[in-house]
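What follows is a set of structures for review.
Look for chain A in each of the two complexes below; its partner is chain B in the first and chain C in the second.
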Partner chain A sequence: MIWVNAIIQGILVGGLYALFACGLSLMFGVMKVINLAHGDLAVVAGYFALGIIAVTHTHAISSFVHVPVGVSYALVVPVFAVVGYVVQRTLLQAALNRGVLTTLLVTFGLSVVIENGLQQFFSANSHSLSIGSLVSDSFGIGSQITIAYLDVSILAVAVAVLLGLQYFLSSSKYGRLIRAVADDREAAQLAGVDYRHVFGIAAAIAFGTVALAGLAFGMYTQFNPTIGTDQLLLFAFEAVVIGGLGSLWGTLAGGILLGVAQQIGAQYNAADQVLAGQLLFLLVLVIRPQGLTSRRETA
Partner chain B sequence: MSSIEPRQSAAGPQQPAGQPDQPAGQPAQPNPPVRVTRSRRSALWAGIAAIAAVIILAYLPYIVYSATTNLLVNFFMLLIMASMWNLLAGYAGLVSVGQQAFVGLGAYFVLLLAIHGANPFVAIPAATALCGIVGLPVWWLVSRLRSGYFAITMWVIASVCELIISQFSSLGGGTGMALPGLNLSPALLTADTYWATLTVTVIVLAAVYLLLRSRLGLVLTAIRDDETGARSIGARVGRTQRTVFLVAAAGCGAAGALYVISQLAVDPGSAFSVLWTAKMIFITIIGGIGTIEGPFIGTIVFFVLQQTLSQYGTWYFIILGLVAMAVAIWAPRGLWGLISDRLGIRIFPVGYWLWPATERERPARGLALLRRG
Partner chain C sequence: MSVGAGSGPLLEVRDLTVHHGQLEALHGVSLSLPAGAVHAMIGANGAGKSTLLRTIAGLHKPTSGSILLDGTDVTGLRPERRVTAGIVLVPEGRRLFPTLTVQENLLVGSDSARPGPWTIDGVYDLFGWMADRRSQRAAQLSGGEQQAVAIGRALVANPRVLLLDELSLGLAPVVVRRIYDLLPRLLGSGVTVLLVEQDVSQALHVASRIHCLLEGRTTLEGAPAELTAEQIEGAYFGLRNGGNGAPGGGSGSGSGSTPGAAAVGPTDGAGSTGAGA
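Showing the complex of A and B:
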């Protein structure tokens, strides 16, 4: 029964990993670069949400107008999307003009700067986002399996985001532009597409989803300045690779497989949780470098 | 190395490979004779200065306090690591953000050997070689991955190494342990550590210099300038990258071995910290990626900033990161690029200079590409 429980918990947390991974996957698919600061952005989103709560719930404001906690959290996502567009059009575009390796170095630099900056301002202490009793509320299946409402909600949000993204990419005008630029940038340019703007849109979506993932993570567990690189970036990348690049449902499958592997590893030894996921990742890399769900060979 | 033209001997002035036949009817306009040289006078003086510097540095423990030599140990460790990362990324085009894997493994190999009774100083070369050997299966795993995939998979591998090492309670588990086997007087230990570090540094830098001067270096320079172009003329890019990867693995392992000896203790968190790689990257980028001199300049900049801003926590690191990002975008050849463009000097000549035989001091303009040695 503990194995069934481990698998169920793994599936639930897998949604969170997929939420982290879809932005990374989108940016890689469109701009062909891996944003090494991806995990840190999620952590920044967490701190940003803390800041918004602190501001909106000061006495002066809360006596004037009551801002629900959920609304405060939700503010983070559009702000991040705008930041994503701006960062892409300025810093990342300048790096991209130099080449892929420069972009890697710049995003790595960004990651280190964010991490150390957060440590300077907020110390290395852990925080979490409070959401009242929802954290602990749960329902049981049988006597040994308890499922937290929060975990189910996160999985539901992740699936909803992936569905929305799928619909956006396949049916909307900007979705078509993004796919066109991802497939063949030069051809899209010849057809009159401003690829820089499309890159910006893709980055805005990626930043928005990673902010959402950061919020979900902050509710799910505790975060600190270093967790963005220690865990989140690697988890997101592993989910992308396990699932296979270029497929949103593959990303969900990858996130779930990663989550299940980690939960099974944790059953052996708490210290094995992260290691089990990473070994699965390396195994997939050896057997199927193109990922488990991808039919198309990656170049 | 298949179809790379064999290098001409560097000795003395040389004639160009052959005068092209002049088309009939045109007035004979013979190409001016060209001298090909490797060194210039600045490089000769730099060589003499380097030897003098090593002699003075070797004598240092007799004349300065241990605080100074300890500082230099850190300096040299960073210089070794940055030189290795520069070789990987600057020449072989392999941007790794997981070199801390080999730093940590080097440190733990020394610990392992010391636990089994070996003298830690003797364990340095062994740990270096072991890291090179470990690099082989790692290379097999990561060699088919490109750019971002390669970078981040190396990071995962470093994380895996850290997690596995943390599980061995005989190696101190997650909390680490002290390095046994060094029961020397503090003064002698400091001096020995310093000498060991200096020796490793000289060997590593000499190895990098000779590697880049060798035939392999020519392939590497070709990869640095244009990987696709290098492949298309038949340079064995994969094999060359493997060699560089293994050398960098061994070099980072040597730095890790020096790290555990200088700290006299090791724990997985700091031995496998991604900050090692961050330092390597910032130093190399700021100093000038793809040049031997770059990591020197970068390490000096790093140290000056670290020492002057150390009372403000990690601000020096944030500043370095911002500077490195700016340099990567707007001055991709780094400080050394700016200096050598302005002054036209090379301290470590690994490229070639082509001169019109009539002029003695100014290289031919049209051949400027060859100067980027």
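Showing the complex of A and C:
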């Protein structure tokens, strides 16, 4: 029964990993940017949410207007989307104009700046986003399996976001333009498409989803300034590689498999949790380097 | 100079020089394209034909020289802005979006189109088979079918000047002929065509005016009817340039760098058969 429990918990946390991974996958798929600051952005979203709560729930403001905690958190996502658009159009576009390798250096630098900035302003202490009793509310199946409402909610949000993203990419005008630019940037220009603007929109989506992932992570567990690269970026990469680039459902599958592997590893020994995920990651790289669901096509 | 349409040439290239790194790909090439013409660029591999078209489309920045559309300088515009201005390139190798369907490829072309006669339905009329296969991915089409979709994607942008780069590359002769047979219908809709063609006899057949490049320079320019096979051969290979008195020799020819060549241009264009619109 403890194995069933491990698998269920793994599936639940897998949604969170997929949420982290989809923005990373999108930015690589569309503009060939490997965003090494991706994990740090999630952490920034967590601190940003803390800041918003601190401001909107000071006595002076909350005595006039009551801002629900959820609303404060939700504000982070559109703000991040706008920031994503601006960062892409300025910093990342300037880096892209100088070559793909430059983007790697720039995002690495961004990661260092973010981590040190956070440590400077917020210290190295851990924080989490409080959501009242929801964090501990749960229901049981039998005597050995306990499922937290929060975990189920996060998985549901992740699946909903991926569904929405899938629909956007396949059915909307900008989704079509994003796929066209990802296929052939120059041909898109020749069809009248301003690819820089399309890149900006893709980055806005990536930043928005990573902010959402950061919020979910902050509710799920504790975060500190360095956990972005120590864990989150790594897990996102692993989920993308296991699932296969370019497929949102592959990303979800990759996230869930990673989560299950980690939980099973943790059953042996709590210290083996991350190791088990990495073993699966290496196994996939050896056996099926294109990922489980990759649908590479040739022109 | 010109403010309105009609008075000057529709597309004018003035003394264009383009470098690929250290290599000079085009040297002082000039070109004048009246509305309704079919202008064919010929020349050996590496002569600079594709570079010229890609520079007109905005994909290469010229070192010097300028490109004017209907009297307006477009040299500084990005490729996507030139599309909305009316210059649309069908690139070498088709360059469809392979993971998008036929319909989506056309939609991307029409998303930022100028207003005009061409619509996606119009393209489906032009290519009878296409509507039935609109939901297929472009990667699944044959080369000729892909070329048709590439032309359709350019047409729905309603170009004033359509640049066609090596339409026949990798296609069976019968397919090539079928595509070239469409040219009169394109001209009838008011499109002016500048094309690059490896097959010289094909170019002579469809063009109202041909322009030969050799190592980035103009070696011959004129209406097909006024040029002899020897002149074209000499200009194409550059073999008899000294011996036969070319580049200045012959009735319709002129070397690109002399102002006299441009003066000959409009006269020849008016005398030829291709000016449909």
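We adopt the following convention: the second predicted complex is superposed on the first by the 295 of 299 C-alpha atoms of A that agree within 3 Å, B and C clash if a C-alpha of one lies under 4 Å from a C-alpha of the other, contacts with A are read in each partner's own complex, and residues count from 1 in each chain.
Going forward, contacts are C-beta pairs under 8 Å (C-beta built on N, C-alpha and C of every residue); 3 or more make two chains touch, one makes a residue touch a chain.
None of these values were measured; they are calculated from a predicted model.
Under the clash rule set out above, the superposition-derived model of chain A with chain B and chain C shows the two partners fitting side by side.
In the superposed model, A:216 lies in contact with neither chain B nor chain C. In the superposed model, A:179 lies in contact with chain C only, and not with chain B. In the overlay built on the shared chain, the residue A:190 is in contact with chain C alone; chain B does not reach it.
Between chain B and chain C, the minimal CA-CA distance in the chain A superposition rounds to 9 Å. Chain A uses no single residue to touch chain B in one structure and chain C in the other. By the touch criterion stated above, chain B contacts chain A in their complex at residues 89, 93, 95, 97, 141, 144-145, 147-149, 151-153, 155-157, 159-160, 163-164, 166-167, 174, 274-275, 278, 281-282, 285, 313-315, 317-318, 321-322, 324-325, 328-330, 332.
Looking at the complex, you find that chain A touches chain C at residues 173, 176-177, 179-180, 183-184, 186-195, 297-299. Residues of chain A that touch chain B in their complex: 28, 32-34, 36, 91, 94-95, 98, 100-102, 104-106, 108-110, 112-113, 116-117, 119-120, 229-230, 233-234, 237-238, 241, 271, 274-275, 278-279, 281-282, 285-286, 289. Considering their complex, residues 57-59, 78-80, 83-84, 88-89, 91, 95-100, 104-105, 107-109, 111-113, 137-139, 153-154, 157 of chain C touch chain A.
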